[in-house]
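What follows is a pair of complexes built around subunit A, which joins subunit B in one and subunit C in the other.
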Partner chain A sequence: AKVSNSSMMSDADKTVLLREKHVKFFTRCLSVLPQRYETYDSNRMTICFFALSGLDLLDSLDAIGGDRASIIDWIYSLQVLPSECDSALGSTYCGFRGSKAAGGKSSSSIDDCPYDGGHLAMTYTALASLLILGDDFSRVHRPAIIEALKLLQLPDGSFSPMVYDCENDVRFIYCACCISFMLNDWSGVNQDQAIEYIRKSQGYDCGIAQGPAMESHGGSTFCAVASLALMKRLDGTFSDVKLEGLKRWCVQRQQTGFNGRPNKPVDTCYSFWVGATLKLLGCYDMIEKDFNRGYVLEAQSPMTGGLSKYHDTHPDALHSYLGLSGLSLLGEPGLLPVDPALNISLRAVQHLHELRH
Partner chain B sequence: MHGRVKVKTTEEQAEAKEKERLQKLEKFKKLLDAIHAKVDAKELDIELLELTQHVLSGNPDYYTLWNIRRETMDVLLETKPEDIKQLFGHELHFLESCLQVNPKSYSVFLQRRWVMTRHPNPDWKQELSLCNTFLQHDERNFHCWDYRRFVVKHAGVSVGEEFEFTNSKIKANFSNYSAWHYRSKLLPELYPDPTSKGRPTEDALLQEYQYVQNAFFTDPSDQSAWFYHRWLLGRSIFCFTISSVC
Partner chain C sequence: MSDPEDDKSDAFVLYRDRPEWRDVVPLRQDDDASVVAIAYSEKFSDVFDYFRAVLKADERSERAFHLTTDAAKLNPANYTVWHFRRILLKELTLSLDEEKRFCSDIIREEPKNYQLWYHRRILVEWMGDPSGELDFTEAVLEQDSKNYHTWSHRQWLIKEFNLWDGELVYIDELLRQDVRNNSAWNQRYFVISSTSGWTPDVLKRDAEYTVQFIKKAPNNESAWNYLSGIVVGQRKSTYGGLKDTCLEMLSNHIQSPHLLSFLVDIYEEEALDRENDSRNDSLPQALELCRKLGSEVDTIRKKYWDYRSRKLEQDYRESQ
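On to the complex of A and B.
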């Protein structure tokens, strides 16, 4: 649905980051979501992450005030612990859920609902959110999560997000790498196999797809490159020709902002997905920064705060966060610097390092 | 004073809307509670299918409910295997309506694959036709392209036929990058170089040069053909030489 943002957008609004509006937008996301979001009910953890990380980049986590502890408790309530009834299950379903929508009760293990297991993307965003909130991971069941990773990696090197019959692709390699990095334990990931899958997913155009045979895409390219960076295996994975081709494919995503595939419209979120990829590949300076900045700022919603994928459409949590993340890569004043591989503020990464010592 | 038509004030409208919202929420919660109750009681039956269908038709991305559905169908088919055609027929129909809601749903296409790999008489032609329809709506829908590749593998559609399909898509629109991508995968399969695994023959490459030149002469500003061209250049082993400079 279209909302005529641009008609309400003054020229000044198009060149300025509307910080306070975005702070309000993210705090609202944490309390109530409009009907349009109903398809995200099972993924509420990801919305929480976008809001928290968005506030963090805006250096405005104090906006959640006294709710910090209860949000941390909420996140931990989504953790799926090893079964108490069936030890043979081991860590099969462990990790974090997206929400308690399917569980019904405030269950903490798979025993209450056998279909309500952990999901890698929720585990990743849960851990990242805890870091952002300054938690010390003391309630995280590390061994269960790492064991679960082993069960989720397939022979071809990719990961599935859950043990049930489901998809597998580069997105979940990324989640697994983030989790391993944050928990500082790589025993759950066979890195060589994962890298082989990534190599096979690089296409004729040198972009990287969700998997072999599939079409190159800005999101999957980010997942692949960031995974390699987190594994510290970026050097030496691609031949010189393929590496240059990859950089080239990424740089050519820029039109004003960035698109995710050739001949697709530009979309705010790719200012992060592709921007961060270029940062990790060491060629971010090849982009035209003013056009990129201009596009993202125009996607702001001056009425409600937040950013949308295109200007003149409804803002949403994902594009709001990734738009800001993309601006942070540009060094936008008023935003904390973001880590291009983990997609959280450098401050949150610093907290992670402090936890280890 | 008299006979003034009662018009709901904005406050009253907001209240009415809130009431409606709460009623909807109540209904939704009741549905989910009913689903949980049946799962807890291990009642994996037709009623559970109906309940989950109700929720999934509005929200096809609720992956837990698809998990429940698959397990329920497995249980039902264990006791009455003869129902499989009816059950799966209904599921495929339902999935198509879900695709109308969200044609880019990972869960929906996954469920479709699940059904088709278990169907005793899978109608792959119908699946191909479904792909064609959705690609007509959005020629860049990669979920659909990926599903098409799955169907083609099972349906025994020849590489040549699919190569011809990319022809028709590119002819309709030179900037259909997804079609060019598919072509890049099909070319070495259709014309495999016996001396070098994964490479197309030199003749095939030369043919493709002609083909792609048509594309970028027609629309020199479209990047699809140029990406493909660059890839072809990288594949060939002979070197271009400049024979004359005019």
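On to the complex of A and C.
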């Protein structure tokens, strides 16, 4: 249909958070997605996280009602357990999968299917989802996950998400740091090496790229700064000049909302990636809040709920969640406050602290 | 990414209807009462049921390879498909040239998919031969001159196979097409850092090069970031006549926030330099520019410019 979401948007819609619509959008994500989401088949765990955390920020987890236990069971069913047959393999492939698309059975080990191992982004989003649902991590194989982390860090300090051949960059340093933080065990991460990779990934413009020499980018800048914050190594990693440059680079991203690179279009998700970075750097108050808020609200889809990268495009789970998370940083009424490093509600973080005592 | 042509044409036969696959028991995704369920098409379920079976049995055959072709086209984001496909490519010693062509076809449709670019890199590594790769990246960049994956692949090619020659010319062409292409500016920094390095002559040449682009488009953040970046080892306030160039632009009523910001940096440097006799004049100049930026020229960053002002005054006091 040619009719765009935006043309259906009343002026009121543009200034109001459409809470109920977004609750419905996320609960739909948790149940059934239409056929065009086939390409998300390997990443369903991340969609689960976006939906759960979105509902959590909307203070609407009760919308999932009695499904809470079955969602927790589903998440655990995606855990890859240590191999029993091959002690040499041991923890190698442990962690969580995105789905059982590769054929492994629920709660299986690599013995069941040799190719169906864990993936760092899925392990991170699985653990975060469990926290949001109030789970106590009692079924999490912590030592196996930490052991697997050791095998996933490369000599240059970056991480690959899987033990199989895979790309490596700052995104997976972030996943590794979130996992370590949530499990309160940093023995799987060589922090000095990870920090060295981050420092080498800072560009001439003081933004941070996916890796050395690449273009500075809002997403990778967040992954780097949030990793440092989680490692409690933000202080002292950057020189004063580089730190001031980083702050300026981030502040420069704001046009109305934020873009991810100079001279690129604004996109809803950077209200979180760049916003959270500024929060962690202690500069969030430097942004122009009304313009940012206005941009994100206009990216809402009044018919289906959810948010898009720009107004007038289809919403997706990632932009819906990050849009709300970005609004939460602004202190938007109707949203719970979000932790800028872990990207989950402060309430979920509180639950994490309670687990440790 | 299912191809509507495949669904409609008589050509595609479901695997469960193929006699030559009769010996394989399809494996459904173990997903009772699942969360984030996807309404897979019949074809998608069929192909992946057989893929799962083949994976579990670790069947390394030609028919398994062709199955991964269908699977990859349906879901190019499934990293297990690509991983297994690479195993088959090696084990069956299949044509890597043909595989690169296949990879190119899918990249054209899904140019922002991580798995595709990683697959391509591995193929090129195995072949030890980058022929056609730079051209391929240029073709993709013609569709989207800022595709992050493409630039990343191009950087890898150039480093791995020493393809530095001609890159600065290519970047220059891109900048003449779009002076605001931040990826191209970044690439320029990458090439020069890795080849000649920032010798005094190179730095002088590049500063002049950048200033030319700045004069044509004074409000281009990318060029100003580049200029600031390359002169980081110098004193902005005295290097290469940059201060005069900026003041001239200012007197010509160029209202670019980046120009004013660069001048703030210059005056800040002067103000904090104990050995500068006229540093007392520089401080108010810097503060006035911050005020102008915050209230007129770059109002969205007013609070940032207020911060810069306060910091400047504090740093100045501390430097006394």
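Following the convention adopted for this analysis, the second predicted complex is superposed on the first by the 351 of 357 C-alpha atoms of A that agree within 3 Å, B and C clash if a C-alpha of one lies under 4 Å from a C-alpha of the other, contacts with A are read in each partner's own complex, and residues count from 1 in each chain.
Operating definition for what follows: a contact is a pair of C-beta atoms (placed from the backbone, for glycine too) under 8 Å apart; a residue touches a chain by one contact, two chains touch by 3 or more.
No experiment lies behind these values; they were computed from the predicted model shown.
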| item | value |
| --- | --- |
| Combined model on subunit A: subunit C and subunit B, fit or clash | clash |
| Touching partner for A:S216 - first (subunit B), second (subunit C), both, neither | both |
| Greater residue coverage of subunit A in the superposed arrangement, subunit B or subunit C | C |
| Partner chain in contact with A:A51 - subunit B first, subunit C second, else both or neither | second |
| Touched partner set for A:D116, first subunit B, second subunit C, both or neither | both |
| Set of subunit A residues, in rising order, touched by both subunit B and subunit C | 35, 38-43, 101-104, 112-116, 119, 162, 164-167, 203-205, 210, 213-217, 249, 252, 261-264 |
| Complex contact set, residues of subunit A against subunit B | 35, 38-43, 101-104, 112-116, 119, 162, 164-167, 203-205, 210, 213-217, 241, 249, 252, 261-264 |
| Complex interface listing, subunit A residues touching subunit C | 29-35, 37-45, 47-48, 51, 67, 70-71, 74-75, 77, 99-106, 112-116, 119, 162, 164-167, 203-205, 210-211, 213-217, 248-249, 251-252, 254-255, 261-264, 283, 285-288, 291 |
| Contacting residues of subunit C [partner subunit A, same complex] | 1-2, 27, 29-31, 33-41, 44, 48, 51-53, 55-56, 58, 74-80, 83-84, 86, 114, 117-118, 122, 146, 148, 151-152, 155, 180-183, 186, 189-190, 193-194, 220-222, 225-226, 228-230, 232, 300-304, 307 |
| Complex contact set, residues of subunit B against subunit A | 21, 32-33, 36, 39-40, 58-65, 67-68, 70-71, 102, 106, 110, 114, 140, 142, 145-146, 149, 175-178, 181, 184-185, 222-224, 227-228, 230-231, 234 |
